[in-house]
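First, the structure itself, so that you have it in front of you.
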């Protein structure tokens, strides 16, 4: 099934599905942005990310620098008092974009070999996505 | 179970609710307009410890497809200890029904406080969904009661 | 006289079952009882005694009499249809056949029990001789011949076909019109047998000689008849005799002649099914009425059962006992009580007061 | 059992007891019956052998109402039932003089019949004084020898032990007969798929004729009036008209004795249809042991049963669905 | 057979919009036993009740079914109506077709069918209803107040003023509670001790009030109007009748390094101590855990220096058993533990403190004698950061889902006081929302911003990093500027969430009062009965019911007192007739029911019975109807079905099951 993030409803739903996050739980406290080590590099800040998904403005997210600046450190996920997990939203958006471009460079078989048991799997996957060249 | 069959099958579900917590929780679900399927019919009992295993078997006998019992959370029983006895009784009864091969999803106990309208509605939605997936109760019914 | 090889019995059963219900001893979860045969069921003709007698072919443990259908406040009564399809009961032993004779006395006497009568009319009994009688058997005491179900005057005309199992072959002899009809229907599977009569006669002799050796065969019924009411009823022997009785209904329910039933209602939610089911005079709620029960102690209930079998029944039925000596109660009573012990107890005490 | 008879005569003679509750010889080799003996002479008929399987503790409910003490012969497993009956105020300890009788395993004539042995005329090797290793059976159809163990009741293979839980004195020696795991069969069934379990019980229970022998023999089923006979509960049942009723009866019966059942095995012993009714009780016992800690009903006459007590952190009923 | 009337309520459109009430009337009229069925706009109205009364008279009804809202709403209303018409009130059953039907279903056909089925169940139940007569029980004219904080004190004073005896049970050595730890109070900034102390003194001096400090409720039995409570008076090791409160013992006590609970452990106290200067009673207590005499058997200094000879090392815990008619729960709150909030460095740095700790620091009797200073080095902080919502409004297990309500206001108070006393200090408050609904509350907050220059930043602190130089690096967001802020602070104050006192669960269990998932006691009705527990005779005062500030607490304490007074003013209460009853012909006397009865209401009698002609003496269970509360635990334990519950009998429940499943 092909996705266009232009189809906002569809793409936003897809992001929620991939991330397992309900952005409506956000109470706009900003703790994610307060905690983010890559904050200054980002054009769309972590707390804004949540609002963008809420509003279905996925196109803007797809174009944003933030998508590629997020370190997937998950500090925001850890600290969010509302269980919103902005980091997971960003990762989901990133995944959507990568799939749309058809640039999935790592095959599923290659991943297990690269896997260190101690590393969180999601960190690895998002890292591969970002630094794939 | 296919969609078509699902449309035909409307389960009968009996919910025993204790007066002090779960029945009030169901009231709260109602006043909060939190919907759950009409298949659920509630019987008010003073306490979960009033629920005799014979009531549960009777419901199945008469064609119920699922029976759920709700009471106050352990420790919160209006009568102090009623739900602790109910918990043991139901654990053993459910285990026995499972032992004789009755699908274990047809019976459930959930502790729902008077403040948990949301939980009540969620629980009922889940339970009804489960009963739909199990389909008609055929292992524990009296055939004479079929329509 | 016809014969059929044991390995062809399955084909015979299939043939009979084509056109009518076939009820025969079926082994299920380790126990053998009469039941409706089909290809999946395991027929068991080797077990001498089924746990229950074959009486439920004619007098089922429970049967609906009528249904009351409720529509709002309106009630409609729908009577249960009488049996109108033919069926065969295969493998009843002589004692069971005698049991049917006893039941006939009860249910076919006026007023006729229509449910029973319909079943009797549509049922064909294939009776089977007892190859190896056991120590609990005492049918001879009541004049029954384990070797020949038609030998007893009381059972004349009840068994429709008699069969003997001799050395892997089943010998078949029609006794009545119904038996002839059944024979006709399965004739393609039967072969006429010339030496059959001789084989069967030898088998009968063998059976009878074993019966002579059985411990209960020479039990005396002296003093037990329709006239013994006062003497037996008032005896103090009952006072100790009943003590181990658990008041369960095992003896009644395995008995080929016990004919008591209770009538009950079952609320189905959209109506009421009125049904009857076997009852046991051993139960404390037997013949329970609004004021209570006319027999209040287990001694009285225990006494009732045996008085009925050995005294009241013969008094009302020309001397016919309502015990056939099948010995099922001897085998099954959880407390090892039984009618033989009762008879012997009176023998020992000389029936004193 | 001369020692036992002699002692009983003594106690009768000195007025300690008014009667003796034991077994009387039957008219077949395997059918002794429970009996009261009130005189020394009547004790000549007293027997105690491998076929005296009946648990006499329940008869003490009625005996407790009689004048004077009753000497009752209880096997080790019967004493659990007696304790439980004391706990429930159904028997009077003061009215009982308990002789704990030895036991080397009790016999099941059905098992002998199932071996194809019929026309039984005599059985030897079943006396308590025998070593109870072999039974010699003479029949109309020839003599047979069978291993004692092979003719033993199921309950003796999972014997709770040869200790008497309550007694005034002990006569006769006992033997360990346990050679199987008590819960093995329950576990085997638990491992089956639900539809197999259902088929298994459907088949077994379809044999039930509702004779109530299980209930009436059961020392825990001591209700003056059973709910299934009572008109007060709207639960009366007399026949298995529908297969549901078999399940209802046996589940509720097991539930009513759950936590009180000593696993004496009388229900299975007396069932004329050979239904393994003890499985229901054992399932409850196993669950109680697993969920609430090991509990043996009748090990004492005081403790609260598992269904009339609780802990704050008992497992939730959901555990049944969780374990799959 | 009953003659049953069915009354279907529209409840305006609440029911009628979703349930076809005419159809319900039509369908139920066909049920066996139903001789009358009608519908009406509002059955609970005078006119609606009149319809019921008329029908009872005209149709000679023996039982009625009202299809309406929850029985928890109007069962009593309709029972009274029935009673007016001469029908036994227990011949009324309610089919809940509003909360359990019309309000949760949308499809009319479906909802109507369900309403009919619910009505059928109620009809089936009424068919088996029997007239019941309530009994009476006496009311003990004495109240118990659990907790000696401002809530408990206020409730006790109000009840005592009405002329009833009151006992206050306080766990700690002195009454006063949380409020005694506060420095100033918002929004008027008056001194907490100044307004609390007179109340404490008044309570102590009141002839109707008896205070048990250093005591705990151990056991509660009985029921409304007639509770029996065991109070454990813990051994103080000081004879209260002899002690003069001179304080020499504390001074001389050699064991001085014990954390001072009153100052939140920020400084130390001696092992024999009076918690604070205004303590009531002004009698010390020996902390046996830290006392050298109790630990080693040697010392005894306090005993030697006590001129009054009040020290008693042998003193034992004492159990006082007292009867009460009403119980007020005022167990209060504590702040949540912050050990799971590593990001705020609370456990790493002494200069990261909670607001309650700040209260103590600001207080003249506190660890710093009222000087605002850093606990690490005693220096005056130049930059102070306040963090709001620490653990409040939090959906994970570290915190609480609710708003703690008081933090916004006390933070404004702290900020204002600091800026007032130490104008050189920069104060920054990181907030998510500032919530100030209360009289003069928003004005107070605005003053902090406008008049005192407190810097409010909308955003949350993500991390506090202790620096090698002893300062704290605060990383936060400024959502309005869309910036991340990194700022240095000398002190960080966390507005930690409040939670009900740890002991409340234990107490609620003893009282059989229900409790919610956050351990707040549940009120009987969220709106209409906010100060009563669903358990009769138990009243809720203060934060044990939910977060509150002082004025609200006092208001609720007064309300709880009035409810208690209303109860104590009665001489007798009618008791619920829905109690258990044992059928003497079925009872085995096996004692299992007594084992599960939570009220000890079942005893056994040797009774002569006539069982269908068999006369014998049997052991029979007998239920004391005054003690039985009708839970039904015994009915299920009883294997023979001898034990049954009036109003919820076995046959009735089975009939309901049948009606629903048919």
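Each chain gets a letter, A, B, C, D and E, in the order it is written, and its residues are counted from 1.
Criterion: a contact is a pair of C-beta atoms (placed from the backbone, for glycine too) under 8 Å apart; a residue touches a chain by one contact, two chains touch by 3 or more.
Just so we're on the same page, UniProt names per chain: B = Hydrogenase iron-sulfur subunit.
Treat the numbers as computed from the prediction; the structure is a model and nothing was measured.
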Chains touching both chain A and chain B: E
Chains contacting each of chain A and chain D, listed by label: E
Between the pairs A-E and B-D, the one where more C-beta pairs touch: B-D
Distance-maximising chain from chain D - centres being C-alpha averages: A
Chain occupying the middle, per Cα centroid: B
Between chain D and chain C, distance of the C-alpha-averaged centres to the nearest whole Å: 30
Approximate Å spacing (C-alpha centroids) for the pair chain D, chain E: 52
Approximate Å spacing (C-alpha centroids) for the pair chain A, chain C: 81
Between chain E and chain C, distance of the C-alpha-averaged centres to the nearest whole Å: 71
Contacts with 2+ other chains: residues of chain E: 596, 637, 650, 654, 658, 661-662
Chain C: positions in contact with at least two other chains: 266, 268-270
Set of chain D residues in contact with two or more other chains: 225, 227, 233, 235, 241, 307-308
Those chain pairs that satisfy the touch definition: A-E, B-C, B-D, B-E, C-D, C-E, D-E
Complex interface listing, chain E residues touching chain C: 30-32, 612-614, 658, 661-662
Footprint of chain D on chain E - complex, ascending: 583, 585-592, 595-596, 604, 611, 616, 619, 637, 639-641, 644, 650-651, 654-655
List of chain A residues in touch with chain E within their complex: 25, 27-36, 39-40, 45, 47-48, 75, 79, 81-83
Footprint of chain C on chain D - complex, ascending: 26-28, 31-36, 54, 59, 109, 114, 118-121, 139-141, 203-204, 206-207, 209-213, 215-217, 225, 229, 236, 238-241, 269-270, 272-275
Touching residues (chain side chain D, partner chain E) in the complex: 65, 87-90, 222-227, 230, 232-235, 256-257, 304-305, 307-309
